[in-house]
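The same subunit A turns up in both complexes below, where it pairs with subunit B and then with subunit C.
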Partner chain A sequence: MATTTAAMTLTSDLVSAPMSISTTTTCMKAGTEADGLDQMDTGYLELASGTQKNLLDATTLGVGKANKVYICNESTDETYFIEIMINAMVVGKLYAGDWMFLPWSAIDTDADIEVTAHTGTNKITYTLFHEGRTLLAVD
Partner chain B sequence: MAITAAATFSSAADDLTSDALTLSVTASLSKAGLSTALEQTSGLARTNFTVGGTTPFTSKIIYRANDATSNGANKVYLKNMSTIAAQYFTVFIDQEQMGRLYAGDWAFFPWSAVDGTEETFIVTIANTWAAGDTWNFDGITTTAANSTVADIAAQIHAQNYPNWTTSISTAAVTFTARVAGAAGVVTGTTAITGDTVTTADDGTAAITSGAAGTRSESDIIVVPSVATTMDLEHMLFKQ
Partner chain C sequence: MATTATITLASDIMPTYGGYSKTMTLTQGGNALDVDATTGLQRRKLAATTAVDLITMASLLVETEDGAAAGSGAAKLYVKNIGDGKGTIDKSVYVSVSLGTVSGTIQEISRLYGGDWMFIPVTGIDATSDVVVTPLTNDTVVLEYALYYQED
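== the complex of A and B ==
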């Protein structure tokens, strides 16, 4: 079984006692405990300010899977950010250095993950962990 | 103050790739466009979902857009505490499904928290009031202690309303809904529903200004996959 582990630690001194949360999960296929996500797509792009791009296409992934998406804004200028959208619904903004890890249902063909760059040319890395695609036939 | 979010994604050799894969990232969570740290948090929470009925089961709003600064660099952490592989939470932003968190899965993502607008109206105490007259709204009854309209307005302002906050200017009290939405209380620029004046003379509590609200379109909503008990761990970092 392919085993992909996603671990995270959050530390904060916002409250009176320093806080640290650590969590680890093994990324499994939907509803199973013996079959891990075994495929991935990864990439890097530089996106000019004002440019929108479909970062990940929902069309071929299938509905209701346990896909996971990692996106990091590798920019270093703190004013640079990318806006993350699913089907044109704004999820949030990843500022320089920020990252996200999100489950993605790819619920229909419109549920692409889109990014729009702001302020400057943003540097973006991304990885999709998934269960497989329906490959399209050659025309 | 500082908040650090670190993640590592790893896979052994010949699992996802022929060689072992490790991807590590660390971020200091800062305010939008600044190098200063986020300063507020909802605190770590655990919410139980034990719901009735049939699928789709009852959802819960984990965070309302009201809870954070719109278009801020807010971050949300979610974790499905279940250990049963088939149990998952479906995570929505408003009506848009983002994804399913299966047993043990966690998520960490930015949240723009684009808010709607709160309903608001102004009630102005006027004409002749007497001690003992009342004004009722939102389940709260204010009984005039004397006949001075400014004093009665101050009494109304001093109440704690379950669904509204207030501010005051002389005899005019401005009500603002605690949560954004088109709740239907404000029915026009000079009319609301649910207020009652009881006066011995010709005292009035006229609505002198009002504006309907609009609903938020980025509340974070979670739906469990089963009606039996499931727990969600969650935390919000916000500006």
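== the complex of A and C ==
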């Protein structure tokens, strides 16, 4: 079985008793306890300010399957950000240096992950761990 | 007053993938100032398939988009499905996580099976971007969550 793990450590001194959260998960196929995700896509792109694109397309992934998404805005200018949307619903903004990790449900073929760049040309890395997609036929 | 989050990804799916590690400091929108507010780490026990607000933005001073700092705010949300809260983690069932209004339109963005976690940016817009959760079954499931944000 392929094994993919995602771990996070979060520390904060916002409250008087400093808080630390450590968590890890092994990425499994939907609804299984012994069958790990076995396919992945990873990439890098530069997106000019004002440009909106589908970063990940739900259509070929299949409803009800497991998809674990990591996205990072690798820009260094703190005023740069990308807006993350799913099916036109704004999820939030990733500013320069920010990352996100989402078990993306891709609930239907409209639930694409869309990104819009703001302020300047943003540099984006992403990785999708998944359990298979429908490959497109040869033109 | 810093809050930092480090993710480490490891996988043997692709032989040439060397894993990934990235640390970020949670800052306010568009500048290098640290976020200055949090809900703290909380737990919510669910035992019905009814959609409920995990976080109601209007109940907090999470005004990242519709307050004085309109359009330039920042907030990060952590949610984890820890199973029944008594040590049993069922990876065959999930809690769906949506954004929107529990009494109106919601958009499912995630399904957290037992043990799964998420860490994402959110807008904090009142009414239209509440965090709504819906268990798949009536079995007891516990979510841990925390929101870090810039106060209006």
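Everything below uses one rule, namely that the second predicted complex is superposed on the first by the 138 of 139 C-alpha atoms of A that agree within 3 Å, B and C clash if a C-alpha of one lies under 4 Å from a C-alpha of the other, contacts with A are read in each partner's own complex, and residues count from 1 in each chain.
One rule holds for everything that comes next: a residue touches a chain if its C-beta (ideal position, glycine included) is under 8 Å from a C-beta of that chain, and two chains touch if they have at least 3 such contacts.
Keep in mind it's a predicted model, so treat the numbers as computed, not measured.
S.K.: Is A:G92 touching anything from subunit B or subunit C once the two structures are fitted on A? First, second, both or neither.
M.R.: Both subunit B and subunit C are touched by A:G92.
S.K.: Can you pull the subunit A residues that subunit B and subunit C both touch?
M.R.: Residues 2-15, 19, 21, 23, 25-28, 30-33, 38-40, 66, 70, 72, 78-79, 81, 84, 86-87, 89-95, 97-105, 107, 111, 119, 127, 129 of subunit A touch both subunit B and subunit C.
S.K.: With touch defined as at the start, can you tell me which subunit C residues reach subunit A in the complex?
M.R.: Per the touch definition, subunit C meets subunit A at residues 1-14, 17, 20, 22, 24-27, 29-32, 35-38, 40-41, 74-78, 80, 91-94, 96, 99-100, 107-113, 115-123, 125, 129, 146, 148.
S.K.: Taking the touch rule as given, give the residues of subunit B at its contact with subunit A in the complex, in rising order.
M.R.: 1-12, 15-16, 23, 25, 27-30, 32-35, 38-41, 43-44, 71, 73-75, 77, 79, 85-86, 88, 90-91, 93-112, 114, 217-218, 235, 237
S.K.: Quick check: in the complex, which residue numbers of subunit A touch subunit C?
M.R.: Where subunit A meets subunit C, its residues are 2-15, 19, 21, 23, 25-28, 30-33, 37-40, 42, 66, 70, 72, 78-79, 81, 84, 86-87, 89-95, 97-105, 107, 111, 119, 127, 129.
S.K.: Under the definition above, what is the set of subunit A residues touching subunit B in their complex?
M.R.: So the residues of subunit A in touch with subunit B come to 2-15, 19, 21, 23, 25-28, 30-33, 36, 38-40, 64, 66-68, 70, 72, 78-79, 81, 83-84, 86-87, 89-95, 97-105, 107, 111, 119, 127, 129.
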